[in-house]
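Right after this note come the structures.
Okay, so chain A shows up in both of these, paired with chain B first and chain C after.
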Partner chain A sequence: MLDTLKATTLPSTEVTGLPTPMLSAHDVCVSYSGKQALFDVSLDIPQNEVTALIGPSGCGKSTFLRCINRMNDVIDGCVTSGTILMDGRNILEPSEDVVQLRQKVGMVFQKPNPFPKSIFENIAYGPRIHGLANDKTELDGIVEVSLERAGLWKEVKDRLNQPGTGLSGGQQQRLCIARAIAVSPDVVLMDEPCSALDPIATARIEELIDELREKFTIVIVTHSMQQAARVSTQTAFFHMGYVVEVGATEKIFTNPEDPRTNGYITGRFG
Partner chain B sequence: MAADSHIVKSYTAELDQLTTMIAEMGGLAEAAVADATLALRRRDSDLAQRVIEGDRKIDALEAQVASNVVRMLALRQPMATDLRTIVAALKIAGDLERAGDYAKNIAKRSLILNQSPVTGPISAIANLSQMVAAMLHEVLDAYVAGDADVAERVRDRDEDIDAAHTSLFRELLTYMMEDPRTITACTHMVFIAKNLERVGDHATNIAENLVYQVRGEHLIDRHVVPGERNEL
Partner chain C sequence: MTDTGQTPGARLGLKNRTTSDENVRQRYRKERRFKLLGQLALGSAIGMLVFLLVTIVGNGYSGFFQHEIALKVHLDPARLKLGDKRDAESLARTSYGNVIKDALRSEFPDVKGRTDRRALSKLVSKDADTAVRDAVLANPEIIGTTQTIWVKATDDVDTFLKGHMSAVEQWSPDVAAKLSLEGDRVRITAAGSAFRDLQPADGSSYLVSINGGVVKLIDVAGGVAKGEVLVAPRDTATTPAGAWHISAYATPESDRRLNDKAIAWIAKLQAEDRVENRFNVSFFQTGASTAPESAGIWSAVVGSFLTLVVTLAISFPIGVLAALYLEEFAPKNRWTDVIEVNINNLAAVPSIIFGLLGLAVFLTLFGLPRSAPVVGGMVLALMTLPTIIIASRAALKAVPPSIRQAALGMGASRLQTVTHHVLPLAMPGILTGTIIGMAQALGETAPLLMIGMVAFIVDIPGGFTDSATVLPVQIYLWADSPERAFLAKTSAAIMVLLAFLILMNALAVLLRKRFERRW
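For the complex of A and B:
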């Protein structure tokens, strides 16, 4: 099997003494129609922590995020190499079951994108196609728990049959988070989840992220340095397709090693 | 500042202004220490009076630094080197303000001493004062140049100042034991010496803050806990 093969290439956590990374990227390269967008990205994503990806526009943050749930597969001319290990398996392997992977790795996008269906159906859809509920009662339970965890249950419990698109932007984003966690993923990817939200809705999402990390491993792309500083424990700075620096968030924002990191986060030219 | 410019130019201008204000405060504090001692040595009460009045300018500058820092923290949300520069500026302004207060206290005591005949180790006090003013001067040069290596060397000189202070204190004790009529004057001088030694401590703090600003590392502070070492 693949996992026994890959297990030997894994840096043993017993040797390093570090907590087991949920995801471990090694030398990930991505190019779009021959134009390289990511260069040898190696990055560990620690379990039950929030990792923030920061960097200037076009540096490859979304590209890296899309590697983790293989969303790049659907882009014509996109070629990926390297490994991303999860549970000892290389999820970039073409033979990996992408549907199964996407159950384990959920994603929340910049613009809230509820399906044009009821609030209930938005959440129930994933568990249903992945066969996570045996009957209607179980499905109802999953919907309630997911909305509860996303901090939306109280606001929508009396109108589950109304369209998800009728909610406010902040509520829609929490609906999308509820949808992402409804299939019990291990990892939740968020690509600028608050950029369309006001400060109050943003604060609620940030509070939610803080609660969700108990159950999930979170990777968030954000253009707000303050947001990265507030929500994450680890921060990776991407620049022109490279990971320039990765470290404890506190260190990155008070005393980064690389002048390019300092230049970027202080608002100077990198 | 050594670092290159922000995309938002007014931000760089605000940081530069902070440095300028600190440099100005430093110049005033250093002059106040030197003048207060000179007023004592020359028995020049006018000069002492000017030092006392001049302290207001230092206080006003500190208040201005503090309000600029608060504004920058709120509006700029500084990060990394900028954050350290701004935090260090606030602390350094505080140290300079205290140094100014000590100079003012020396000036007040010299006004009193000028009313009685000359006694005591005035030249040893002048010597200590010179050491302290020089330390202040050099640490401020290092601040303007953003040079942590110089700051670290200046910081080490604090030991010399402590030693000079201790020996001055002993000398004052012998004066007092020999002639109890000098006790009042010598007690003022004990405080003057202590004030100078404290200014040296603040210069040390400034050096430590500068090292933090530049390198992001805290040097082990030798002076924060009062009573930890032999306080004279």
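For the complex of A and C:
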């Protein structure tokens, strides 16, 4: 069932042994009302891998993440330049349709933000507006698969009609992940998804991320070095709007090239 | 500052233990005082509200009731000028004034003279005609027979019976009374202090109801009273204790709208149980009238309803759409700032200005009909718009941004985000604002005066372009009327208005509850 769901949206031809970049950003600059927040960020996001964005507060991690699904568009005074290529198209092009883009690039926010509707409705909303289900049984199937993948199905299968806001914080965050993956995106962006959660709920989400990388490309912003080290295969260190260093997570955490990276991961600043 | 005798703590401004205990006590005192003040404020507010309600209900309660008189009407076809015709149209067309007059005269055959007869026929309302006609139309068979038909008393009689015309004291002496005729005077003899040493010359009127007649006392000397016959007694038989009574009217006859004779007639009818205070159904069926007893609230209610329909139909969609656009779609720049400031200013504009605008634009420029609910509704919509826009914007602002982010992040378009998520969450606030605006509009008088909705409207308005008046204007008109009976009508109308306001608020709460069920 999982595979049929995936097969409808993703041509399964491209999966090769080489890490093909799912997304590649070139010279992305962002400024808010004239104040520049990102400077010439260039970064490749490999397919079906987890990329962690780390860096001190205010360095532009969230800003970069929001470029990938164009959520910066709704911020007044935010100007973006540069290119981000996805499937050979520049998604920063103004003519690019953001609705289609956001179906392909889902997002999970720092604070769990389920809709004030039932658990079922939370998951079914995306497939419904994108017309992914032809009838009720298909929709039921999508909801079940999504919740299953988010590791929430067992806990909520008897209370699908109860409000999503009635779940615990960790469950709500997993609900948000389930909601994001229900539209079969290619990329899932996560902005500090565990910062509002306790260690046990965090561990569950990390496990989940590990499972999800098989199907999705994941970009995660985190303030926890351990978390970045645990879940990611590639890490990018941001500092004052610049990408200082990108590389395999192991290398960044064991043998960073830049002294600022070293300082940050060893906790000397940030 | 550089005092060396202080401890280091004191130099830093720290207080020692005992003063900080004092601090705590002071804080508690302050809190208690604050709580007390709050309770006082709440108490006085509730007190004033209760006072207001009690006065209005106390005054207005009687406005819903109206005294009626049972007339024995002989439906003589000749007096009705019917001839042989009995068809509904003739029955409806003919005047019943004659048979009503006849009925009153046969009740009081002693009444002679033009003035007295006119006074007599003024006991019953002009509405009596309608009452008799309705009875006849309901059953034409009764033509030619004598029927007992309840008709409304005039406002003066009603006012008198409700005790608003003169203070009345009535007592039933516990001794027997003897009646004897002395020319056109009567002498009433009663033992003991039945007459309480009355002084009929003091300006008050003292009427004795005895043996089915009414006597007005002229002179009292101990147990003997002399008086003038207003309604002839059946006989001069001795009346046992308790079967006769004396009524004292404090207001002098010249200051009353009903003279002693009229009061005597009413007293006789009352003695025969033919006067009743009944619920005034027609108050909820008719429109304005110069006669208080036939004046009703219904045309004003319908006028208010039609006006509010127009107001709602214009201001709700425009207000909500404007708020949605400004809050969710419009770029935040100088122009939207200017618009926002102007909307806020608009909310503070005195309502009469909107009336002037309506007069100049809707009536003079567009040539729309005067006094019509459609124009009133448009004027009130102008007045209500800022309220709805401001309330809606506040409701939209209160929707957490995380919900918008979630929806946009799911790939919902801006419009979908608004219609699927933001609007449903903001709806309770929007509806509350709208209903508050509507309630404001329902109570508004000044702008409607400007566009001529202050007219004297007898007919129930049938459409949006008919002449109409509204509840608060009706209240204003009645409060301005000289007749005493309109005072109670005014309060009664205020009660109706309040009832509608409470109903609207209940609706607001209900709607809010319904929408809030969606979490």
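Operating definition for what follows: the second predicted complex is superposed on the first by the 250 of 270 C-alpha atoms of A that agree within 3 Å, B and C clash if a C-alpha of one lies under 4 Å from a C-alpha of the other, contacts with A are read in each partner's own complex, and residues count from 1 in each chain.
Throughout what follows, a contact is a pair of C-beta atoms (placed from the backbone, for glycine too) under 8 Å apart; a residue touches a chain by one contact, two chains touch by 3 or more.
Remember, it's a predicted structure, so these values are computed and weren't measured experimentally.
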item: Partner chain in contact with A:226 - chain B first, chain C second, else both or neither; value: first
item: Touching partner for A:183 - first (chain B), second (chain C), both, neither; value: second
item: First (chain B), second (chain C), both or neither touched by A:79; value: neither
item: Touching partner for A:266 - first (chain B), second (chain C), both, neither; value: first
item: Touched partner set for A:253, first chain B, second chain C, both or neither; value: first
item: Most chain A residues touched (candidates chain B, chain C); value: C
item: Chain B and chain C contact sites that coincide on chain A, given as residue numbers; value: none
item: Footprint of chain C on chain A - complex, ascending; value: 69, 71, 74, 76, 98-103, 106-107, 109, 111, 113-117, 125-126, 129-130, 163, 165, 176, 179-180, 183
item: Of all residues in chain B, those that touch chain A in their complex; value: 3-8, 11, 77-84, 215-217
item: Residues on chain A engaged by chain B in the complex (per definition of touch); value: 225-226, 229, 253-256, 261-263, 265-269
item: Interfacial residue positions of chain C with respect to chain A in the complex; value: 331-332, 400, 402-414, 416, 420-421, 425, 518-519
